[in-house]
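Just so it is clear, A, B, C and D label the chains in written order, and each chain counts residues from 1 on its own.
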Amino acid sequence: MIPRYSRPEMVKIWEPETRFQIWFEIEAHATDALADLEVVPKEAAKAIWEKGGFDVARIDEIEAEVKHDVIAFLTSVAEHVGEPARFMHQGMTSSDVLDTCLAVQLARASDILIADLDKLLEAIKRRAYEHKMTPTIGRSHGIHAEPVTFGLKLAQAYAEFARNRERLIAARAEIATCAISGAVGTFANIDPRVEAYVAEKMGLTVEPVSTQVIPRDRHAMFFAVLGVIASSVERLATEVRHLQRTEVLEAEEYFSPGQKGSSAMPHKRNPVLTENLTGLARLVRGYVTPALENVALWHERDISHSSVERMIGPDATVTLDFALARLTGVIDKLLVYPARMQKNLDRMGGLVHSQRVLLALTQAGISREDSYRIVQRNAMKVWESDGQLSLLELLKADPQVTAAISAAELEEKFDLDYHLKHVDTIFARVFG
Amino acid sequence: MIPRYSRPEMVKIWEPETRFQIWFEIEAHATDALADLEVVPKEAAKAIWEKGGFDVARIDEIEAEVKHDVIAFLTSVAEHVGEPARFMHQGMTSSDVLDTCLAVQLARASDILIADLDKLLEAIKRRAYEHKMTPTIGRSHGIHAEPVTFGLKLAQAYAEFARNRERLIAARAEIATCAISGAVGTFANIDPRVEAYVAEKMGLTVEPVSTQVIPRDRHAMFFAVLGVIASSVERLATEVRHLQRTEVLEAEEYFSPGQKGSSAMPHKRNPVLTENLTGLARLVRGYVTPALENVALWHERDISHSSVERMIGPDATVTLDFALARLTGVIDKLLVYPARMQKNLDRMGGLVHSQRVLLALTQAGISREDSYRIVQRNAMKVWESDGQLSLLELLKADPQVTAAISAAELEEKFDLDYHLKHVDTIFARVFG
Amino acid sequence: MIPRYSRPEMVKIWEPETRFQIWFEIEAHATDALADLEVVPKEAAKAIWEKGGFDVARIDEIEAEVKHDVIAFLTSVAEHVGEPARFMHQGMTSSDVLDTCLAVQLARASDILIADLDKLLEAIKRRAYEHKMTPTIGRSHGIHAEPVTFGLKLAQAYAEFARNRERLIAARAEIATCAISGAVGTFANIDPRVEAYVAEKMGLTVEPVSTQVIPRDRHAMFFAVLGVIASSVERLATEVRHLQRTEVLEAEEYFSPGQKGSSAMPHKRNPVLTENLTGLARLVRGYVTPALENVALWHERDISHSSVERMIGPDATVTLDFALARLTGVIDKLLVYPARMQKNLDRMGGLVHSQRVLLALTQAGISREDSYRIVQRNAMKVWESDGQLSLLELLKADPQVTAAISAAELEEKFDLDYHLKHVDTIFARVFG
Amino acid sequence: MIPRYSRPEMVKIWEPETRFQIWFEIEAHATDALADLEVVPKEAAKAIWEKGGFDVARIDEIEAEVKHDVIAFLTSVAEHVGEPARFMHQGMTSSDVLDTCLAVQLARASDILIADLDKLLEAIKRRAYEHKMTPTIGRSHGIHAEPVTFGLKLAQAYAEFARNRERLIAARAEIATCAISGAVGTFANIDPRVEAYVAEKMGLTVEPVSTQVIPRDRHAMFFAVLGVIASSVERLATEVRHLQRTEVLEAEEYFSPGQKGSSAMPHKRNPVLTENLTGLARLVRGYVTPALENVALWHERDISHSSVERMIGPDATVTLDFALARLTGVIDKLLVYPARMQKNLDRMGGLVHSQRVLLALTQAGISREDSYRIVQRNAMKVWESDGQLSLLELLKADPQVTAAISAAELEEKFDLDYHLKHVDTIFARVFG
């Protein structure tokens, strides 16, 4: 997490102030529940809300001595609350506070990321409809294949990010659990009703069984989902980078008036945002493995997961938030060049229609193998002419072809609209 | 995937014979649908089912020449079917066959893995109830904390693997889609109804939008889930390895009569199965990153994902299947030593009850900080005596303690059953 | 490791037959050394070489009972050697055999990989000199930058793989150590001179301190180096994939006469080999993390590394061997199109010379910022004309330019050879 | 990189101030070299050093407009230097500055890390000699094996970190290169002598061939080495965690007077530093894969590596620096309990001597298989008695044993010193 790739709302979730505020709320709600159960005096619970507070600098100071952050926090709060503070944290363990807090932070982070995805989906959808019927060449292996539309490309991206949205909602549910189960999770010193109460107040569900800590398979799953989303970011970013290549130039990242592409070469307009997104995707993916390694804690718990989460909690969510917002901006303002798309589509002398001729020959009674050979023979000539020859004209001059298909029928096989007849079907599937 | 860590049923899914058989079914069903739509003759469709077949060796031979596996397969089938074979694969592309086949294979692999999880869950549940009330020391940081039961440890494992079962079901749904959309996914040369028909016949759902290939975010998610499950395997395996340590020895892997632990040291009984599981978990986790890197294919598709999937498809599923079965065996036959658990529980001179005394002092009006200091002071003496001193006796002799709590009350704080009073609650949450 | 991506020589290293043969040699040499030290009779040592042997099927059979592979092997050998067999393995532990064997296998695998790199370097060098002066456009961000030569691109690849060769030689030295130190590595029951003797016979160095096992940081380093080499494979493969794109088409993978690019589209010629290499690189990189996780074995050793190495030992070396050989073939037979390179170089209306004009304006006394603005202003017009306008002509018509530089001087700034004047310097640096 | 896991000296390397200072030096040295070559006036070069400077806030301001950090920097410097500033950066490209700066930063970071390793090695060596002859049980699979000394355990760690030091020196050499080769690395607009001059001034070697950027296989190798070192940190940390387990307690992290182990359980003394190190190791390992993915840049360069390096450059070096310093502290102050080591060594009733008896029986003419059975039979009885029975006594009572070995001879097989006779040999190998 560095300022360059951060947005304030997500950063705020991970600031000490926010963390201690969540700790405070957990402790105060727990004390309320304990008061309801008559374990502690109602006045104590009230005093915590009324006089309670903490001081970040003071916490740091105490922690330097006791080397335990929750104890430092509790001491700082006690300095504000006074005597009734001793009723706080009754029967609880640090993990109850830390893990429930992390759940709140990750749930809030998820909400921002879901909102990010919504904005991205909206931008993709708008541009998809705008270019629903803009013809462009479809490419497999980087080689011209058959025509598609630019809208279809975006519909694919939409479906992918809609899946990611579903995954993230599931991942949010995985980590939004509350554990207030005391040392080694037995509830020996704290009634399970405290957990239920705090869970409800903090917008979480109850963790069915904790071992003092919330089990880390939940967090592993969460970070794995962020890794998948980052990989989808990379896919769409890579598409833009390809489209902006000098020789292709079917689309371009928006280039603002004052912007400079290169300190040395004034002519440059580089896809720097999507290259940046490619790198950010590598980072978010890189956090998946440490999260997976965090699962196998020793016995009821060890604390090896903590340093990992202190880093990747902010790093993964802040970076992905930034990436999703940046990608939304790229799509939103993407410069699209339909004329160039058409020009590229035409540049291969009609080769993109080869399959239809193959099928027509097959239908006309020629074996699949022979049909393939006939078409490939003519296609290779066009290929070698770099699109200067026309496949249609060559086929019209090939006696094996003309023996099977008429010139008029052949011409019909080179119709662009033929390829676009199911765009509506696909859009209906994707956008409903 | 090596025989040592493989089970035949899962291996079979990935054999060439199985793959070609699935290809054949996809092609034959597609031809049926094409016949229904009157694109090809009904007789042709019938002939494929009746005369159709393939020859693995022959396919290899043809592929060596044409360097394209689906073309080689189609040629081999054509050699069996004869002339009507030219109606096969009409308007389809290789990816339609390959990706739909992979979906069938991964769905079948998922079914085996789900059954594996069911057996594991059953074994864990049985042993959990068997040891529901077997007291044992709970440990945080590898250090004695407070009492739990061995059944609770297993209940935690049960809950974790039950979550993994849900994740796997979701992951199965992600990858069980059928794409028959032709070149670059436009349905230009194949009616979408063919896709719907084949999907239904193969037990899949329709892929809403494919780009000739099924999007790889689905597969990334699938392999990420396998990585999470593997990490849970590691967690439970690590628990067993710890319990079997010479100094702990609360449980042991079953050691069969003829077994030898070491070629040099005849006294050894090593937790080799769970160590092996730890290694297998590393392997399955290692396949997650390549699967994530597979997402960002170029444009409508490239084929870089293919070599990755040819390896990790079998490697990840076969290894995880083997690991789950091995773990089930370990849990099923685990030698559990309640007497030793009790002995370990007692060895720290009652230190494990320190928290209750802390809380009692707080309740008796002493500040949290002072209470902590009082208990820690006595606890450290016990600690340094290596459990030879008794915390209870020391506290009874501490005037600051006795001023606040009576001896009888103190004794009550050292009651083991106190810690187990919510075991039923937790079991009800986990096992319903 | 699957046959599709394997070559026989490397596969052979990992076959059971080879492994047992190496075990046999280690045991037999060790017995020789023990005989020299008069720990065992010289006749016994002789008998092992003379009557010694093993039977793979029989070993499997015994292992099924004793569940220990080295004991099974020793038993099988004993069945051949008879009574003197009891002098084998005196004071040794299984790890002495297993780890030393792995060292031999990895060293042999390294030798093959080094030879692979030599062939690759040779192919790259040959093609680099062939195209030393073939002009082509250099690209940053996928956007035309300034001219380079195709030979320079290959010189860069050569330097990178030469570095990889050095790394691999260092990595080989890391893992080529012999440990015969007995249980927990103390030499209590085996004289260190046995280790020195076996090391020398097996072509290894002595492991200074083993803990029964050879420390796994060595293997982690080894697999990390394979991961770096795989990443370099991906870089060169990606370059070819880009060059083969329809719109670029400056080079192409060799396309054999019978080859078919697509089952549906007869016109396709796809860069399938380099796409395949991209996937193989992901696989080899994926093995790095499990190897790193293998380092932290418990105490003197645990066996969790074993399953990982049984898989990634073969998988990583076989896959990388295959990839290097395939890449060598791709470079060796690469179809290079200098005419197309020139055409692409010219297509941007001279924009690639913008920097030189910028520098000339600066030299002529205009500030860097103003110079940049002047050149960018004209460059953008050319850019927007898609290379139809000429930067040179526009500059000649710009009064701010002509006030500072003469037309003749301007023309000189558009000289291609200017960019190639240091090709010799760079070749001298790279090829010596 | 978060303050909690950071040390100031390493953090300073990555601060904007430091980066811009290095940029300034590169640019100023380059201008000196250009002046020597009479490309720019000597006065200009002099003016840069004399009047040159930059303002971090101002650079941020300019970058917000031009979206290019090097241009922003140059503009800020120009505001200080005035008119002669136009002679700066002549023929250079941003990458010349950025990549050479990164080389300087990584080289400086390496120097700190090498110094860290030196301190760690010193601490390990001191404690190794202190406990050279402190007997302790060696464990394989977590199970008692045979005696070693605590000094031997540390000697193993020493050898491992000495290897890591060599690797880091090699990795430093890999990344300490200077590239001043201009756009696409052709030296078209900048004389190679400028590169040689700047390299020498900045303490770097010349990059033989750059593609505008320094090739990223160098950085991949660098971060991979950090990942290996982190894995070694994890190994030693894991050893300490094991030794501190309640049941083992052979060593403990230093526990400072004011420290609190648990907010709930006052008796706890947890190995939190080494658990923390385990987590930090996961983080540093996690940065290896993004670094490997950075290698395959497109064509002469893209900028996807940049965001990755802006994060992992600081994150990996700061975290590893912190971890090495923390580990040094742990080893330096480690509380070692020889009495407990001896007690653990004795607790298995002499089982740890089983191998010697096995060998003695073999030497006495009994077959290896029979000897194994005899010893295992008695060993299992001791095992099942939890060390209450004595292996020596049982063997003395076993007629098959006594028929082969005398009681006196048997007793000699249970001598602890026998196992330590080669400690000197091993220390000589490791410490020279």
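Going forward, a residue touches a chain if its C-beta (ideal position, glycine included) is under 8 Å from a C-beta of that chain, and two chains touch if they have at least 3 such contacts.
Please read all numbers here as calculations on a predicted model, not as lab measurements.
Colleague: Determine the set of chains touching chain A that also touch chain C.
Modeller: Per touch definition, common to chain A and chain C: B, D.
Colleague: Weigh B-D against C-D on C-beta contact pairs and write down the one with more.
Modeller: Looking at B-D and C-D side by side, C-D shows more C-beta contacts.
Colleague: Between chain C and chain D, what is the gap in Å from one C-alpha centre to the other?
Modeller: 24
Colleague: Can you check how far apart chain B and chain D are, centre to centre, with Cα atoms defining each centre and the answer in Å?
Modeller: About 32 Å separates the centre of chain B from that of chain D.
Colleague: At least two other chains touched by the same residue of chain B: list those residues.
Modeller: 74, 89, 91, 139-142, 145-146, 183, 189, 241-242, 260-262, 264-265, 270, 272, 275, 278, 285, 289, 293, 298, 302-303, 355
Colleague: Under the stated contact criterion, what part of chain C meets chain D in this complex?
Modeller: Result: residues 74-75, 78, 83, 85-91, 138-142, 145-148, 152-153, 155-156, 159-160, 163-164, 167, 170, 174, 183-189, 192, 206, 208-209, 211-212, 215, 217-218, 220-221, 224-225, 227-228, 230-232, 234-235, 237-239, 242, 278, 281, 285, 288-289, 292-293, 295-303, 355-356, 359, 362, 366-369, 371, 418-423, 425-426, 429-430 of chain C touch chain D.
Colleague: Can you list the residues on chain A that touch chain C in the complex?
Modeller: Listed in rising order, the residues of chain A that touch chain C are 137, 139-146, 241-242, 244-249, 260-262, 264-272, 275, 289, 293, 340, 344, 347-348, 351-352, 354-355, 358, 372, 375-376, 379-380, 382-383, 386, 391.
Colleague: In their complex, what parts of chain D are in touch with chain A?
Modeller: 1-2, 4-5, 65-68, 70-71, 74, 89, 91-94, 182-183, 189, 241, 256, 258-265, 270, 272, 275-276, 278-280, 282-283, 285-287, 289-290, 293-294, 298, 302-308, 310-312, 314-315, 319
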